[in-house]
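After this come two complexes, each holding subunit A, first together with subunit B and then together with subunit C.
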Partner chain A sequence: MSRFEVVRTGASAPGVEPATQRNVAHRNADPNPSAKALQEKFSSAIKRVEVIWGETVVYVDPASVHEVMGWLRDEPSQRYDFLSDLTAVEYRDAEVPIEVVWHLRSLPFRRFLRVKAQIPKGKPLEIASVYDLYRAADWLERECYDMFGIRFHGHPDLRRILMWESYTEGFPLRKDFPLRGRFSRSEQLRQALAQNPEARYSMEELTIADAFAELPADMRERLGKGERTGE
Partner chain B sequence: MGLTAPAEHRTVSYAPESQEGWVATRLDFLVNWARANSLWPMPFGTACCAIEFMATAASDFDLARFGMERMSYSPRQADVLICAGRVPFKLAPIIRRIWQQMPQPKWCISMGACASTGGMFDNYAVVQGIDTIIPVDVYVPGCPPRPEGLLYGIRMLQEKVKNERAADAGTRDEMEPDPSSQLYIPPSVIDELGEPFGNSVNQTRSGL
Partner chain C sequence: MDRRTVEVELSTTGLDASGKPQRVPILTDDGGGGLAVQAPPGIEPDLEGEHMLINIGPQHPATHGVLRLVLELDGETVVRCIPHIGYLHCGFEKIGEYRQYNQIICWTDREDYLNSIGNNVAFALGAERLFGIETTERCKVLRVIASELSRIMSHLVWLGTFCIDIGAFTPFLWAFQRREEIYRLIEKWVGARLTTSATRVGGMAADIPSGWMDGLRQFNRTFPHTLDEIDRVLTKNAIWVGRTIGLGVMTPEEAINWGLSGPMLRASGVDYDVRKDFPYLDYETYDFEVPVGTNGDVYDRYLVRFEEMRQSVRILQQAADRLPDGPVNIDDPRVILPPKSKATSEMESMIHHFKVVMEGPRPPIGESYVAVESPKGEKGYYMVSDGTAKPVRWRIRPPSFVNLAAIPKMVEGHLLSDVIAINASIDIVMGEIDR
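Here is the complex of A and B:
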């Protein structure tokens, strides 16, 4: 290797294939092996499989989302143990259903899988919660409910997280929501000032004394003796 | 103690020709001079303007030159509220309460386009100018303003403070909101001792 040879990002030496693929096809690349396993296990619940920019997207029947996600987490050959994101997408076209998107990561197999479920508009937007599978879904589902109005069945505490509790204008990220909100500025300000800033916290969130019971036993013992250093 | 000043130093001469030892001035001037040069800011930083505010307070621009050495993170010891950044509707009652907890005399600087007008955030979530909630003395334009801009605004506020007159009763007039309106917060709530504010309960100014 001469002194003046350019080393491109991702390549450790000339002629060595980088760990991160450089030339990724837009469509029709090989899907993640999990997609095939899903199609074999849940034949009818898997609507379709797409590969976009090298990332596998699996469309799942909304009714069997919880079952599919549970299998993906617990099956020893899959082990998607990390929910990295959960969100929703609404398209401008009124005919296209709203999509709920889960981004799953398998840390042992270094795989990434995007699961989507399409919920038709016109009916109440409802889908199963994955809170019992991934604790990370707690705030993500609350945010999704706050912004899109999708109700997650089985979520223990489904309430607004970004907007305040008494917010009545609707769900801001829906396409039929006007950018400036539904009410006049003075009415918005009046309602905002009427809220109690402390009302949206439960007593459990306000007091740290209750957290003591959940500490590890040895830490509780040391703190009980009066030690205050923490570690 | 053995330290005894000579007799001529222990007496003060009031004769007009003796220039040392005393100075005559207007009380207004003295009070305003002291107030203008010891403004303690209550930083209310919500966005990128707060980064510029930090730069202003740091050694390059050195806000301490103007007597603002001490950031007052409790509203009860603050003189000037510097609102740096956009204020969403969710924060509206909080900044309102902070303003009411600040003792008189108090001033407010609205720093940046968002705090002054809502700026580019003409949407459902952002207050369109904090002057819809609290009174503002100086608006600093910019997105965000450079530290020099904020310093200029602070110098303008100091000019304003220096030109106040104690005899003018209207200066410190605080409009009490109509109890039926949402702007009204009862004194008991304003004086409520929040844990982060420690033992400052005796410094409230709502008359209770």
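Here is the complex of A and C:
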């Protein structure tokens, strides 16, 4: 083991009990101490705090998400420096708002926190990006936009990531999107064959290459206007 | 690039007077005895002007699947890298919303297909937290065995393909030979090699057959020899060191901020391992070490993954020694199928069987995020239940996806040939990235 200057052998960070899955209550367990600190700091922006299966969930006002996440990251007593995951949830009940979910970890304190913001339906789905706080949010926010159509303000390059750039059927993980897709198989095949297979460059690449002139006329026109596909 | 000194074995001419390997500085910028290639005199170091756009993939053996990289090159130096993914997108998460929990386990095989049995375990853990059940002791130990075997399998594939990418062929054969042995063990246990579907909510699909443990002990005894052999061939090999050291460096702060996890994060010197810090399956009671690198380059990632295989063998030995007797499934007819003999002879068991298969087990309203240390990094399953037998949302936190997002940063300023080495060091599986 002499190759490594640091080798972890202990159970966890010094002085911190490891969190395990034993004897977890469904609800009403003790919340993560960060939840109380958040309520004291941002009284009205914290809508409510829940504990489900030992995991603390903090519901934040969508307008203050960036402020709250920035505080969680930089405050010396919190230091949530690791963005585990970022995703969204749409419920089967159409009345329930869409939730954007951030899973945060504090590596120095070995804590886990789930932050949620509810965005009501019927209005454009928008929320602040945390790209400037966590670079991990780059692709995660792009995926969330690609799958749910939530626009993250402040993300420098918000475009589709898993679906292709000219995909126009909408947002696949929304509940109103049918499991089999919007069009019949033959129509999907027809659309795929009608596309120019060379036209697979993003705006970013087109600024480098002289491939712009090679694109189909309609795509050239839309990209020229700065339009992003799938809207 | 920093000047680092690593002891390498060049050849017999590389030995000093006492017969020890010479210490050779790698990556010198002054050409003082190092291996760095200097531009011959008379050739202009920088031809002003044109940048070139080249496309690697999606069908290219060195991109480990269907990854496509668009590179902007200045000569042979990468100025910018734009990755494109999604060629394998199947909508796993969408399909999961239309499936019962036990049916989703079959989908987890197919995302990170080099670690399928580890994904089964991770999903079962997530679903069990959602159901509020804890499995039996025997099941926990079996799951630890499954996870660690699958970690070794995944690392062996990574090691073999990494060698091929860099130009070493022999270790690939040694690695795949040993991987085949693990596949034989897995096949004896669950009947399949790749698509294992080994777990169920509340237990395992099958207990291990009699005599299986002997096979595992045999593997534990012999596998470290293979590791030693590969270690001798690679670790101090001058070509290997020259091709990997100082490439794709991520500092600890950058690695955390970019969300890297697993060996990628630990190679940068951050000691975060889910097994130690948020233990599951009683990992806190096993005695094992977590290797942590110092430089965060490709070479350190190689060292960290290599050592992880040795530590996995240690865990396997302890698990084999402590495996308790007893049932493998919990005793709860609402989630676990009754034994076949009872289902065909007792009315009540038949009803339970019917309800578990046709309606599926129902968790209470709630949500859970359970992360495990997969070979690639922190693999999380986030599930939201509205009280029905199918999840409202099933989210996979794919470690490869988040790790790959850092590739534009890592390859910037390196040579085109180093892009292949850096990409191989991330250990990506496109099935998991595109889902």
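The definition used in the following text is that the second predicted complex is superposed on the first by the 172 of 231 C-alpha atoms of A that agree within 3 Å, B and C clash if a C-alpha of one lies under 4 Å from a C-alpha of the other, contacts with A are read in each partner's own complex, and residues count from 1 in each chain.
Simple rule for what comes next: a contact is a pair of C-beta atoms (placed from the backbone, for glycine too) under 8 Å apart; a residue touches a chain by one contact, two chains touch by 3 or more.
None of the values given here were measured: they were computed from a predicted structure.
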Worksheet item: Looking at the overlay, does A:172 come into contact with subunit B only (first), subunit C only (second), both, or neither?
Response: both
Discussion item. Contacts for A:163 in the overlay, against subunit B (first) and subunit C (second): which applies, first, second, both or neither?
Written reply: both
Discussion item. Which partner chains sit in contact with A:82 here, subunit B, subunit C, both or neither? Use first/second/both/neither.
Written reply: second
Worksheet item: Can A:188 be said to touch subunit B (first), subunit C (second), both, or neither?
Response: first
Discussion item. Quick check for you: in the superposed arrangement, does A:123 touch first (subunit B), second (subunit C), both or neither?
Written reply: neither
Worksheet item: On subunit A, which partner touches more residues: subunit B or subunit C?
Response: C
Worksheet item: Which residues would you name on subunit A as touching subunit B in one complex and subunit C in the other?
Response: 162-164, 172, 177, 179
Worksheet item: Where on subunit B does subunit A make contact in their complex?
Response: 89-90, 92-94, 96-97, 122-125, 127-128, 132-133, 182-183
Worksheet entry | Footprint of subunit B on subunit A - complex, ascending | 162-164, 169, 172, 177-181, 185, 188-197
Worksheet, complete the sentence: Residue set of subunit C touching subunit A in the complex reads 51, 53, 70, 72, 80, 82, 84-86, 89, 91, 93-95, 98, 125, 129-130, 132, 134, 254, 256-259, 269-273, 276-280, 282, 284, 289-294, 303-304, 307, 364, 366-369, 371, 378, 380, 382, 384, 386, 392-393, 395, 397, 401-402, 404-406, 434-435
Worksheet item: Which part of subunit A faces subunit C closely enough to touch in the complex?
Response: 1, 3-13, 18-22, 24, 26-27, 52-53, 55, 57, 81-85, 87, 89-93, 101, 103, 107, 110, 112, 114, 134-140, 143, 147, 160-164, 172-173, 177, 179, 200-202, 204-205, 208-209, 211
